[in-house]
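Quick one: structure below, then a few questions.
Each chain carries a letter (A, B, C and D) given by its place in the written order, and its residues are counted from 1.
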Amino acid sequence: MTFFRPGFRHPDLPPNEAGYELRDYEGGISTLCAGCGHDSVNAAIIRACFELAIEPHKVVKLSGIGCSSKSPAYFLGKSHGFNSVHGRMPSIATGANMANRDLIYLGVSGDGDTASIGMGQFAHAVRRNLNMVYIVMNNGCYGLTKGQYSATADKGSIGKKGEPNQLESIDLCEIAIQLGAGFVGRSFSGDKQQLVPMLKAALSYEGMSFVDVISPCVTFNNTPGSTKSYHWVREHREATNTFDFVPFRQEITTEYAEGKTEAVTLHDESVIYLHKGDGNLQITDRRQAMDALEEHKRKGLILTGILYVDPEGEDTHVILHTTKRALNALGEKDLCPGNDALADINDRFR
Amino acid sequence: MTFFRPGFRHPDLPPNEAGYELRDYEGGISTLCAGCGHDSVNAAIIRACFELAIEPHKVVKLSGIGCSSKSPAYFLGKSHGFNSVHGRMPSIATGANMANRDLIYLGVSGDGDTASIGMGQFAHAVRRNLNMVYIVMNNGCYGLTKGQYSATADKGSIGKKGEPNQLESIDLCEIAIQLGAGFVGRSFSGDKQQLVPMLKAALSYEGMSFVDVISPCVTFNNTPGSTKSYHWVREHREATNTFDFVPFRQEITTEYAEGKTEAVTLHDESVIYLHKGDGNLQITDRRQAMDALEEHKRKGLILTGILYVDPEGEDTHVILHTTKRALNALGEKDLCPGNDALADINDRFR
Amino acid sequence: MKRISSVNDCVIRFANVNGSGSASANNLFAKAVFRMGVPVSPKNIFPSNIQGLPTWYEVRVNDQGYIGRRGDVDMVVAMNGQTMLRDYMDLLSGGYFIYDSSRQLADDFNREDVIEIGLPLTSMCNGAFENPRMRSLLKNIIYVGALAFLLDMEFSVLTESVEKQFRKKTKLMEPNLKALHMGYEYAREQYPDVCQLKIERRDKVGDAIMMDGNTATGLGAIYGGATVVGWYPITPSTSVIEAFGKYADQLRVEKETGRIKAAIVQAEDELAALGIVIGATWNGARAFTATSGPGVSLMNEFLGLAYYAEIPVVLVDVQRAGPSTGLPTRTQQSDVLSCAYASHGDTQHVLLFPASPYECFEMTADAFDLADRLQTPVIVLSDLDLGMNDHLSPPLVWDDSRTYDRGKVLNEEQLLGLQERWGRYLDVDGDGICYRTYPGTSDKAGAYFTRGSAHDEYSVYSEDAQTYEKNMQRLQRKMETAVSMLPAPEIFCENEGGRIGVIYFGTSSHAAEECLDRLNREGIPVNGLRVRAFPFHQQVSDFIDRHDKVLVLEQNRDGQLRTLLINECEVVPQKLISVVHYDGLPLASRTVYSMLADALQKAGQHVSGDDRNQGGAA
Amino acid sequence: MKRISSVNDCVIRFANVNGSGSASANNLFAKAVFRMGVPVSPKNIFPSNIQGLPTWYEVRVNDQGYIGRRGDVDMVVAMNGQTMLRDYMDLLSGGYFIYDSSRQLADDFNREDVIEIGLPLTSMCNGAFENPRMRSLLKNIIYVGALAFLLDMEFSVLTESVEKQFRKKTKLMEPNLKALHMGYEYAREQYPDVCQLKIERRDKVGDAIMMDGNTATGLGAIYGGATVVGWYPITPSTSVIEAFGKYADQLRVEKETGRIKAAIVQAEDELAALGIVIGATWNGARAFTATSGPGVSLMNEFLGLAYYAEIPVVLVDVQRAGPSTGLPTRTQQSDVLSCAYASHGDTQHVLLFPASPYECFEMTADAFDLADRLQTPVIVLSDLDLGMNDHLSPPLVWDDSRTYDRGKVLNEEQLLGLQERWGRYLDVDGDGICYRTYPGTSDKAGAYFTRGSAHDEYSVYSEDAQTYEKNMQRLQRKMETAVSMLPAPEIFCENEGGRIGVIYFGTSSHAAEECLDRLNREGIPVNGLRVRAFPFHQQVSDFIDRHDKVLVLEQNRDGQLRTLLINECEVVPQKLISVVHYDGLPLASRTVYSMLADALQKAGQHVSGDDRNQGGAA
């Protein structure tokens, strides 16, 4: 149990633009193991929501089952949350989003929850480009059921039981890019510098924002032979880019040198400024993104950063051509055609 | 109902090396619509098995639910078959294969059966590189339930009901390559010249051989606006390569010019000879394969041919380190440790 | 030979090949009978494939309004070579055999007691029409024309029907009219005075409509205010969603933008379909899904979640013959048990049993109120026969003063006005139903964390034994509350001193009630009750109590409704006699009569009537 | 103050924080009691998380061999600050409260009727050991040492246990021994003659073993010849597969190659897990899966397929508290109904109810024969209490002359020798069970096409109504055949003239039988029957018939076994009185006694005994 909340808590931080304090974004006391990566991700979520000045009750938290899926209980205590069943968060999120397009949907899942039992739902929520943030807290194992390898465990990685994993791993970012997610990023629970702005960008994107956060399981998969341990990830990650995220309301204060920085403007006029390193990955190009992921994997490296953004992507509501009003706000007047219309219909069946 | 069997039936074809005639590989009379692409694929399967001189009862046919999944009833009447439930063929195939590694497992599925309800099972059978041939008869729609778009329907493609499909399509070959299938190919039901040798190579490969066959649904999705119609596919396909498949028992008779032909030797010593065109795709390279698929898609073309082969791939049994003997052939002697061993175990619990 | 002779009382079976366009021609015929004011009931008995296999369409014409299947055939229109001999053999003695005489009948067609009526359909078509596809379609129209003559129908009703149908496709109207005439003329010339079956205009259908149950269900969802649909195609439920979609496109369009006030999501499978519904209703929309048996099996886990986390769900199960894939295009009532107790652990679900399109509409619309009020899944148990066949039904009605009852939902103002701390699972009213809030309601109050794991009254995770138990008891209480909200059973007939009752539901009702009429007419006092919902109303127990024996008629092997009755009404099992029929065909009154007679005999009630249908009396 | 005083009859509860290594120390204690020849029964009551939440370990010591939970506590070892006060309050009057006196007790620990025994564990550990992780682990060992003194146990049994445990990790042995001694010495110095609970050597366990049910189940699968496993992790079933895997690594290794004669596939979910089993058994291997409630819900569709296509399945359901995610680490018997009738359509499944590790082993091994013989799913219904807690059990035995009964399978020779055409679903023996073949058998005969859709006797697709119905009737016949193959119920006691009976199954048996003993001792003649399988044996009906009233004791809310009994044995519901307990904790004899007493009173049987447990008599 982590009574201690990792990182950056500033007791005298001023309230954000919406008038909320940091603690308005906090949740219940975590019952995860002390040092669990998931708690750091939770802290980053709290921070990102605070900094974006999202009204806390305008967020809907959703999850499946697993240690990671418990997380939503530990952040945003003023938001409604739904801890559903194993692997089925995406469909719940789809329904919720269809019902009310005006809220922000934040799904948290685990690698077991998403890459195994939830593979189908994950793939199809991505394919529909559902407007949500989908975070996988990826520890390469099933924490809550005591450490079995998950489908994202790398081949040869060695967990607590000592037997190396024999199966190929699934790269959820690659799959997400391939299946049409509008925004795809990868980060590390131990890197709040990267994670917080990435989550802010993800929260601002309209469509499926998929974020795979490597989040070590200290109890079952933080061993020297594990490629999802703190140590390993720290040593083997490489950022595709560094970036600044500027929410639309905010004034742009930094000057960016021509040519060295690329701006990607999202639907809501927020901007991601990418500072190009030697990677030179064009993040609006699916093929480059997938190729870069494969390339790094071959070198034994973990590519992190924002991997792909489609600033033009259409979300499910656009695809389905649904009304812009929240469906759950419509009443009889809007929904019920009345008895006269029914009489007409009856006539057609005579 | 197709009483007529498409293509190449030679009444006086001599028996194959194993002594079987072509009709030993045939099945029941098809109840699919006249002209359905699936029937051509069935004919190609019959032909491939005949030409490879596989003993028909050494093949196990498996399927899910759909018009495509009915197909196994129409070929290989001397083989055991299992028409299971919707989307679950891969797990049945996994169990069957685990029970007896000595038979050949030939799974037939549809695009609905695989890319929607079966997505999870498909992904994981592929990831385990299960030793089987997995054929998707891909018509971009749900034939048996009367033509709804499936997840492989291309965005903008127009089926019988006239409304264009709004969602991005899933490219099963790309997913298969990404998830670790050892052999991946794409073909067209209307092209037996390509399909028959591709199936022969797939049948000879040890590991997951995934073959996506575009197989038009004449009743619901053969419209002018459909990208899975006979007409469209004929006009828009491009072969990555042409190839010869030489089963291991067969003498090599052709001389191949140095540099222009590449040989890929499979586990059983069969060889695929690839004749390079301008594509120059290295079929043992995942990245090239995925990139070529994306490239063609962008151009509005359908890339066909053998897309990827990993001649080294390890199948599930190798990964699990199971005995080389068929598990279903083991009896008490092999399986039951006897009462003395049990007495020892009891002792450990005192 | 005695020819079958009747007025407005016959069964005509059409034997065709599927994919040949026959169903719409046959429906044209049935519709014409209906338009002549005569009760009629068509049953489409089709195969699980798309093209080329045998399919039958059975039309019962019955003046007295008995619209169940009858079970035997007076006339067959035998258009399918594969089944022709069997169709011939199945005819009642004195019946009429209509066939395509372009080819001669084989020698085994040698019954003496059958009237053979040959129509050279192929030759006629080939002579009259060019387009090969049209030729095969119009063959069907020709025989409809011939029937009109043979049965002495008002020909104008048919021509008007065709005109109506092709109003917008005038190119097709002309050949269809021509084909109708050809058939009529040919029969008039060749077969005057041959057929003694007649259909005469009556005024027996009143303002009834002829609609399939699935259309009515889809409309019920429109009127009930459903906005989110998660679904996955499966016969025989697909047309529920198609109907919803069609009417949403007509009636739910936002004028200014052309956008739709509904989101219909074709899910990747049934698990996701129900997940979408749960997510949507939890978030304050009305949502539903429709499926059939295999889908229900896949939805088990989510149904348990919805029960335990108390989330409204409307699920339409259009039953087909199980188990497993079973007979996908045949009807059954065999998901009763699996729906009532779906999912592991202690669960129970509300079931509604519509018996007509009218009730499909009404119960579906009501299901949304019920689900919202009870905060639990409500399953509408329809079936293939009801869902996919046209039924004579009272017209659909909507009370325009009706408002949606969203149950116990608190808004921000109400939350802030509360005297006590709000608890999502706090039973303040003692009826087992608690107050919920929608996401986004307020940043000051009302947020809670929904879960399928155990929770206390404030929806906080809890492993406390008493907390768990108390919550489970409340859920039980909620089901008791449910009873009072559910539609009461319908007593069909109750004789003073009748010792024996019959209980039935859904599509078993037509045959049951026809047989009850007959039994009572024959002086055998048998009473009937139609169950309309589960958990059962007190009246159901009372009915059972009042009788010495009760026959339970249903369309499944294991007597599933009977199991529910025994278990939930605490009835002595021996008192309930199972009368089951489960071969996948719509229940036929002829069969039911003989099954009931047998059962009555066993129950000690002498039955004299013979088990054959006589002149439409049964 | 009266101190509780007893010999070999007490309940000691350990209250810890999970993830702190306490369970193995507590188990060391329980094992030591067992090794002193005294019956003992530990219950681990743990939370659904990995680290940091309250966990309890309750050890009942009972000379008379009553190994169910008792339900109240004589001594508590209170190591968890979060629950300490509650643990203190829950003690019986005259009980003993052991705590870490490194910190002082707060003021509210003010009971006059409790003996407080402080052990300065933290200080002692800090003084004696360096390594911080070791310190916290060894705290647990110190209190075990202290208990040894307080309870007057043979200290050598403990030291030997530690030596045995750390045989291969000698580095750890020494500090553990040291800690044991420290505890023992401290108690001897500070608390001589304080505790009047004693544990003395006896010879009451014979050759029994102490094993958890899941290990026994895993071994049953090894001995039963399972070679293919499809599974997905879920508490509390995971350890079944872990046990199978562990013993496969030991006992199923191919000497020459080091390869394993088994394939254990961790599936992507429960649907796939069962699919793997079905594929494997269809292909002639023995295969099984283990899961818990949520898994069973997900397996519904496949269970229907296996029933209808007649494919052997062995499914172990280690039940936990439902519905939905429920209480994942608490026990219940609430999947009875959902397993018995799993899936849509008319289905029924064979259930086995083990009540001890011995039976877990035996019934699992037998399940493979049964599934092969019946060609249908066989579900072993264990539960968390049985599966994950150590139980005193007769040693496992295997008859080396036993061969696997693979049921009706034809090989090539047999096929070719047949006089008549072979049909996969042809009931030649009249018992509803047909002959099957494995894939690859022959190129001349025996191939067939398996399907979940309707089929004729030759496994050809058929939509014929009679064919369908006949097949469904045969499946019903098969279930009747099953009864004779299933384990008969066990009569626990039967008094001449006893009017009242109690029926129970699985882990309800311990408490039930303890209470039956007590009632009978008190002169109240109550009879007991333990059900071991479904569909029920005739003896079950007979037992019910013989009694005026029968109480059905089970661990679920809705009386699910009772439902099955009423429905399948056609019993008058009023005759069966539901006695249910479902709070997730293992059934306690104290609770059961008072529930039974209440029920007996209602059933018209006067009970004089008070409902509190007295000196271990109950």
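We adopt the following convention: a contact is a pair of C-beta atoms (placed from the backbone, for glycine too) under 8 Å apart; a residue touches a chain by one contact, two chains touch by 3 or more.
Just so we're clear, the structure is a prediction, and the values are computed from it rather than from any experiment.
Please flag the chain sitting at the greatest distance from subunit A, going by CA centroids.
The chain farthest from subunit A, judged by C-alpha centres, is C.
Between B-C and B-D, which chain pair is linked by the larger number of C-beta contacts?
B-D
Just curious, how far off is subunit C from subunit B if you go by their C-alpha centres, in Å?
Inter-chain centre distance comes to 40 Å.
From the C-alpha centre of subunit A to that of subunit B, how far is it in Å?
Their C-alpha centroids are separated by 35 Å.
As a quick test, compute the distance in whole Å between the mean CA positions of subunit C and subunit D.
Once rounded, the distance between the two centres reads 44 Å.
In subunit B, which residues are in touch with two or more of the other chains?
85, 116-117, 119-120, 123-124, 128, 151, 320
Spell out, as numbers or ranges, the residues of subunit D touching 2 or more other chains.
Each of 48, 268-269, 294, 301, 305, 324-325, 451-453 in subunit D touches at least two other chains.
Please give the residue numbers of subunit A that touch subunit B in the complex, ascending.
116-120, 123-124, 127-129, 151, 166-168, 170-171, 174-175, 178-180, 286-287, 290-291, 294-295, 319-320
Give every residue of subunit D touching subunit A within the complex, in rising order.
Touching subunit A from subunit D are residues 19, 48-53, 232-235, 238, 266, 268-270, 294, 324-325.
Help me check something: in the complex, which residues belonging to subunit D touch subunit B?
34-35, 207-211, 215, 219, 222-223, 225, 227-228, 230, 247, 251-252, 254, 257-265, 267-269, 271-285, 287, 301-302, 305, 395-400, 402-404, 437-443, 447-453, 461
Residues of subunit B touching subunit C in their complex?
Contact set of subunit B toward subunit C: 1, 31-34, 65, 67, 70, 85-87, 116-117, 119, 142-146, 148-149, 151, 219.
Once bound in the complex, which stretches of subunit B touch subunit D?
20, 24, 55-58, 60-62, 72-73, 77-85, 88, 90-100, 102-103, 120-121, 123-124, 128, 316-317, 320-325, 327-328, 330-332, 334-339, 341-343, 345-346, 349-350
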